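Next come two complexes, and both contain subunit A; in the first it sits with subunit B, in the second with subunit C.
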Partner chain A sequence: MSKMAKLAAAAAIALGALGVLGEAQAQGAKPIVVGSTLALTGPLSATGLVHKLVGEIYVDDLNRRGGLLGRKVEWKLMDDQSKPDLARTLYEQLLTADKVDLLMGPYATGAILSAIGVAQRYNKLLISHTMGIPSLAKYDMHFPAWSLGPNPQATVPTTVFDAVAQAPKPPKTVAIVTSKFPSVHFLSLGAREVFKQKGLTEVLFLEWEFGNRDFGPIAARVKDAKPDMVWSGDIGLEGNMLLEAMKKIDYVPPLHVHTYPAPGPMAAAPETDKALSLTIFEEHAPFTANPVAAQFVKTFKERATAAGLPYTAVETQAAASFTAWRIFEASVVATKSLDDRKMADWLKTAQVPTIQGTLRFDRGNNFGDDLMRIKQVQNKAWVTVWPKQWAAPGATIKMP
Partner chain B sequence: MTFPSLGLLSQSVLSGLFLGGMYGLIGLGLGLSWGLLGQINLTHFGFVFLSAYLCYHLTMVWGVDPLLTLGLLVPAFFAVGVVMQWALARFRVSTFNSLLVTFGLTVMIEALIQKIWTADFRKLQTGYGEEKFSFLGLYAPLPELLTLTVSAAAAGGIWLLMRYTDLGKAMRAMAEDAPIAAAFGVNARALALLLSGSCVALAAIAGVFFALSFTLTPTQIFSWVGVVFAAVMMGGLGNPLGPLLAGLVIGVSEALAMAVFSPSWAPIVSFSLLIVLLLFRPAHR
Partner chain C sequence: MKPRIAISILAVGAGLATVPWLGLPAFYESFLYLLCHWIVLAISWNILSGYTGYFSFGHGAFFGAGLYATAFLAGKQDWPFLATLPAAALAAALLGTALGAVVFRVASVRGELFALLTLAVTFVLATIILNTPIDGGPGVYLIGVQLPRLGPSANASIYLMGLAAAVAAVLLAYLIHAAKLGAGLFAIHDDEDVAEVMGVPTYRFKLWALALSCALAGIAGGIHAVFVSYVTVAETFSIAVPLGVVLMSILGGSRHWLGPAVGAIAVTGLQYFFTSGEAAVTGRALFGLVLVLAILFLPGGLLGLLERLRRKTPSPVAADAKPAVQPALAPSPAASGTPLLQVEGLFKSFIGVRALEDVTLEVRKGEILGLVGPNGSGKSTFINVVSGHYRADAGRIRFEGRDLAGADGHRFARAGIARTYQIPRPFAQMSVIENVALARMFGGVGCSRAEALAEAAEFVAFAGLGPHAQARPDALNLHQRKFLELARALAARPKLLMLDEVLSGLTPAEIDEAIAMIRRIRDRGTTIVFVEHIMRAVVALVDRVVVLNHGALIAEGSAAEVMREPAVRAAYLGTTHA
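Let's look at the complex of A and B:
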């Protein structure tokens, strides 16, 4: 080999080595590790799996866009088994043993309260997905992705009242029946006050324990009370069970509002047609006019179908989860930092555009506006019907 | 408090009877295995739900009529019961330990159900659910009516069998004093296998009717344990008619508490009744 050839070969090797080193350096940058728990097993796991899928979709997309601060993002997710006490232990472990850089909140109020306790002890920022009782979230570095507003027990029933006032036959009387599950019970008690102030006559008030098996007598009492509207403070499948029991005694309730029903079963069953409920996002215009939302709806449907989830539409839970990650990304990008305090201080004055609307965190316990809307089951699908600016094109409240 | 109308009260009593029928059907196998085999078989609840999910699957995926699934599920579950009894006898599991072992098995069944069918709610949608009978303004849905009928038939049939057949007498003798029964030629081992298989087969029957009336989710398994235990203990261990009668009393009491007072009082009813009964019949077994 000639001298020139040897020099060229040496240069090529050196350049190649430099290239490899540079690439290795970029790839080898330590990832930002975000730790969280979700209810992957246990009674809350049906919804927990939705949050898991959304987190995976968001982190995949985030890394495809280059990650955060030039580093990849790694999500360390643990299963809290739907147990708030275990969530507390796992968050402690994430911070002390796994030494994660940042935290992401769990799903469901009980687990969120546990995580808040740990975050507070270690001065960590915590963005939660679905904190249902704002008055309990007193930690100043906790930020909610679910835009309930600081006083949902007053604002949510007011929105419901305004919505049903637009119905073809506005109600004059109401039956309020409710589970004692904390995050729906306080809303139902608020509804009693609001409806009274608005001039509705309460013809029935009933409470049942969460886990109630027999809705027959409750259905019979509602039928007996002959209300114009039924407010059902239910969660999960309770609303379906109540409507099934009503169907069995040949009773179709007039306007009926359900607080937090399982979206899939409530949309699918024949007896649930025209059921009203609360929402922050449904997969139709104007929500999907936002290209980020439209893309998310498409990706979620594909991934949820592949994962075998029975309900593949984006609604409140998936939207709140997506929003939580959006708030997280926005605070890191805006502060160019992983400093929890800096991120929290920024969020307190920020307005973050999300798929459910623009969120702010400058009111009680870092809650902002109440962005809750009213949706209705129409032809086995949920459509937003109130307020008008968020209603699906041409959709209005229909009577059963 | 305004007193409820007669129609409301009657419909509530009917609803309580139907629910009591389900308590009785689930409690039947549990009470027999507890009273005659000395096993507190918590897996019974797991088997009820497993049967319900299998019925759901066979109906919704393969299009089999839910009642016809009994033809497959009952013998299959009988075999499972036989194997379980063989294993428990092989390792000489005591009454107390059977509680722990079967609790563990129930957790495993719950995990299995969640793995296969996920934690999401499953509802068996069939023509049976649409059928109901109306009489004097009262409504009786077909699935609940079938449950009550089958529960009464099973309890009555087993009571007759236990009372009037040699097989039933041998089972009672075995439960009373196994060594003496053996001295009279009773094959306790074979009878235990038969009885355990029958109890698990009864769980399969209960599961099918459970699927017809209720929405399924794996974690509901444990929400039925307390009230069915109360029905079994009130009805008397090993007594085939007891769980049904106690279940009916509990169901109607719960329904009346809901109709007259508040639905949130219902869970207190079953255990209040049990405590009262134990106070007045402390030696009741």
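Let's look at the complex of A and C:
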């Protein structure tokens, strides 16, 4: 290399370094803005408000700890009004008009898919809270915080089967009834296959449309079928309504599993006692042995009570939301960068410790392990009963 | 139609089409797309419900039919996206037309029944889609669908398609509004039975309105499928679509062709304005409050308010109208003795009551035939049947040799029969001149809307209503409303004019004025059937009289002759039993 060339190279390196320094100084002057939408109004708002509260708790804590890369974090949250088309437009606004630095995903499948489309067009990283159908999330920079695994339609029913096999009276027959709500329905169809393979006899299969309020006929059919176990693919209050209808005809199902019930109402009613469901986190050891989780549980209860939320315990939704922010923080800290591609590349090979366990993203569509557990209502509270290493101390599955 | 307006719509559309090349943040394309989407849907609803008054809660179904047509064909059958849009429009239009073809035949399915029926269709369609391979439950994912490259990005392409649909919808709304179709639809809205009798082919017009409305909703659905990219039954067939479009149309003004578009912009803009996460619930409450206030204080919508302000200024038509104008009437010859209308063996019954019983009579060209009888004798029923308002149970109605019995009401008007109503039934939401123009447009040989409006001024003036040409009928007194009935009937240039107690309720001076006017009408060559209780008017005007009693014809002849008939005297005065 000639002397001139060496000088030029040195000058270029110096200029580059100055540029980096200048950028770092500029970055230090302004906060990192994270943009996202949540369903704060509209039909999905009850859960949206949980995610909002968790985000606020996390960002407050993050800033108390000094923020990220020496900069404060500012969360620009918008209300998508439970409408996927509005979610799409708001993500466009966040990226192209507000020019936020990074994105955080919404929580419902429809809105997440809308946000994924936008993120994909602008090569942005998107971490979502509760993406229920992994096969639809094909974008390689989308990362789920809800550890469903890439094939929950197979793995989740298998976990359920393994759990009920530990019951005092393991089932030999099953009635599968399910809502046609997409993220529930595909899980129920998977359950049909899994239970068949495991040797359970299906004595009934019924579907209802999301929004159905009349569960009397379904309850009667289940009663007539005399199953050892009921798999109820329900969401929100559907499970409560089904059990209420069963109570009216003096029927108590032997074992009954509910996919995504509203946690508060499902724990509180007399007829829901011993109801089984899916979870990633509950407020007991060993989950709360993690000091971060314990502190989060405490703070969430305080803030949720102050905000007037009807259910103040941390469970799947709040835990998934907390996990999403944890993944976000981990990727920025590890890469020391706000570069979406770098963060995504790091996440693909990383193992991120979270309050629901260690997450990885190295399988189909960046879904890692299926960390779903089984919980049961016992004495009007949810306790994890399966697998054993995540069960509440002394808790085992009980018959109704 | 004013070409200036059509050109303006296209020019605005062309201007907005440049947005993707202006270097604005891409979110503007998404936001403008949402505006366009709701404009199309709101206009779609308004063409049916705002124009005709058939309130639809089924636009979720028509929108969903289009959306799922595209989702299924593009997402599952690999059709090119653009090819799915005509299919989306067609699927929705066929659904609507099939529904309308049945429902519009049933006179009782109007108002809330129609609304509930369309709502039921939404649930039925949702169930079908949910339980067939069209969806089956998990929703349809469309992220891999290739879009035509109309702009610099996929986002821009979707926006441009939405814009094209919105421009087409606004243009269509204007063209319909400005055409005879629009006038007919508004007449259906105000009084469907009267519209039919005045010559509006109500069944056909309603079907057209429904088909066009559904096709627009279908196209909006087809484009929206790729905008949201993941479609589910629950979100597609929610009540949000019909409620949203109703709100937009009413806020903007459902009587104005541009009203729904204005409402869509206002509602979507307000919704977007309140998307801050800081105070989302308060924002939504404020949004609701703004809408409630707007609807409470602007019953005609934003454009209705402008329209009202405009109406306060007297129009040139009203100012220039000359009462002495003699409009051209039907070219009928003077009394010739040739039969114009021949009624044979006419029967009409209503649940247990025989209103017409074997009535046979003829009306001769150029004459004034008095139709008299005590209350309940069947005079009004006779006019209702002979004008097509009611269908006869049996008998023949030959008009100029053509049998009209059993024909739809509008065919009577087209043949040259016009009538007035005993209790005036003007189209309440139309001005006086619009009421009269409508009769000219659809009655007799008919004419274009522009010609009708021009000629209507003459009939309005003839009836002495010139100063009230732009007023709504509810601003007129009874005398003026009766004369509006008359002007409307005359505007059709009928060969046969049937006047149903046109003098009742008028003062003696007004009666004299009316008699003079009827004479003038006859002198211009129009044949008249004159139903009246006021005998001095009957005696003064008629050439012949027929008398009905209990639905049967009991006497016929000159006024003096029939009054001497014992049966007539008995009918009016009763029989002595002493």
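One rule holds for everything that comes next: the second predicted complex is superposed on the first by the 372 of 400 C-alpha atoms of A that agree within 3 Å, B and C clash if a C-alpha of one lies under 4 Å from a C-alpha of the other, contacts with A are read in each partner's own complex, and residues count from 1 in each chain.
Operating definition for what follows: a residue touches a chain if its C-beta (ideal position, glycine included) is under 8 Å from a C-beta of that chain, and two chains touch if they have at least 3 such contacts.
Values in this document were obtained by computation on a predicted structure and should not be read as measured data.
Peer 1: Which of the two partners, first being subunit B and second being subunit C, lies in contact with A:52: first, second, both, or neither?
Peer 2: second
Peer 1: According to the stated criteria, A:224 is in contact with first (subunit B), second (subunit C), both, or neither; which is it?
Peer 2: In the superposition, A:224 touches subunit B alone.
Peer 1: Now for A:113: first (subunit B), second (subunit C), both, or neither, which partner does it touch?
Peer 2: So A:113 only meets subunit C here.
Peer 1: For A:306, using the defined touch cut-off, is the partner it touches subunit B, subunit C, both, or neither? Pick first, second, both or neither.
Peer 2: neither
Peer 1: Of the partners subunit B and subunit C, which touch A:41 in the superposed model: first, second, both, neither?
Peer 2: Both subunit B and subunit C are touched by A:41.
Peer 1: A:252 contacts which: subunit B (first), subunit C (second), both, neither?
Peer 2: Neither subunit B nor subunit C is touched by A:252.
Peer 1: Does the superposition put A:97 against subunit B (first), subunit C (second), both, or neither?
Peer 2: It touches subunit C, and subunit B stays clear.
Peer 1: Just subunit B (first), just subunit C (second), both, or neither: which does A:180 touch?
Peer 2: In the superposed model, A:180 contacts both subunit B and subunit C.
Peer 1: After lining up the shared chain so the two structures overlap, which partner does A:211 touch, if you call subunit B first and subunit C second: first, second, both or neither?
Peer 2: The answer is both, since A:211 touches subunit B and subunit C.
Peer 1: On subunit A, which stretch or stretches are contacted by subunit B in one complex as well as by subunit C in the other?
Peer 2: Comparing the two interfaces on subunit A, one with subunit B and one with subunit C, the shared residues are 41, 180, 207, 209, 211.
Peer 1: Could you pull out which subunit B residues touch subunit A in their complex?
Peer 2: Against subunit A, subunit B makes touches at 4-5, 7-8, 11-12, 14-16, 18-19, 111, 114, 118-121, 123, 125, 132, 134, 139, 141, 144, 214-215, 217, 219, 223-224, 227, 251, 254-256, 258-259, 262-264, 266-267.
Peer 1: Inside the complex, what are the residues of subunit A that reach subunit B?
Peer 2: These residues of subunit A touch subunit B: 41-43, 45-46, 49, 180, 206-209, 211-214, 216-218, 220-221, 223-224, 236-237, 240-241, 244-245, 248-250, 262, 264-265, 269, 308-311.
Peer 1: Note which residues of subunit A are touching subunit C in the complex, please.
Peer 2: Within the complex, subunit A touches subunit C at residues 37-38, 40-41, 52, 76-81, 83-86, 88-90, 92-97, 109-110, 113-114, 116-117, 121, 133, 136, 138, 180-182, 185-186, 189, 207, 209-211.
Peer 1: Would you pull the subunit C residues touching subunit A in the complex into a rising list?
Peer 2: Counting only subunit C, the residues touching subunit A are 25-31, 33-34, 37, 126-127, 130, 137-139, 141, 143, 153-155, 224, 227-230, 232-235, 240, 271-272, 274-278, 280-281, 283-284.
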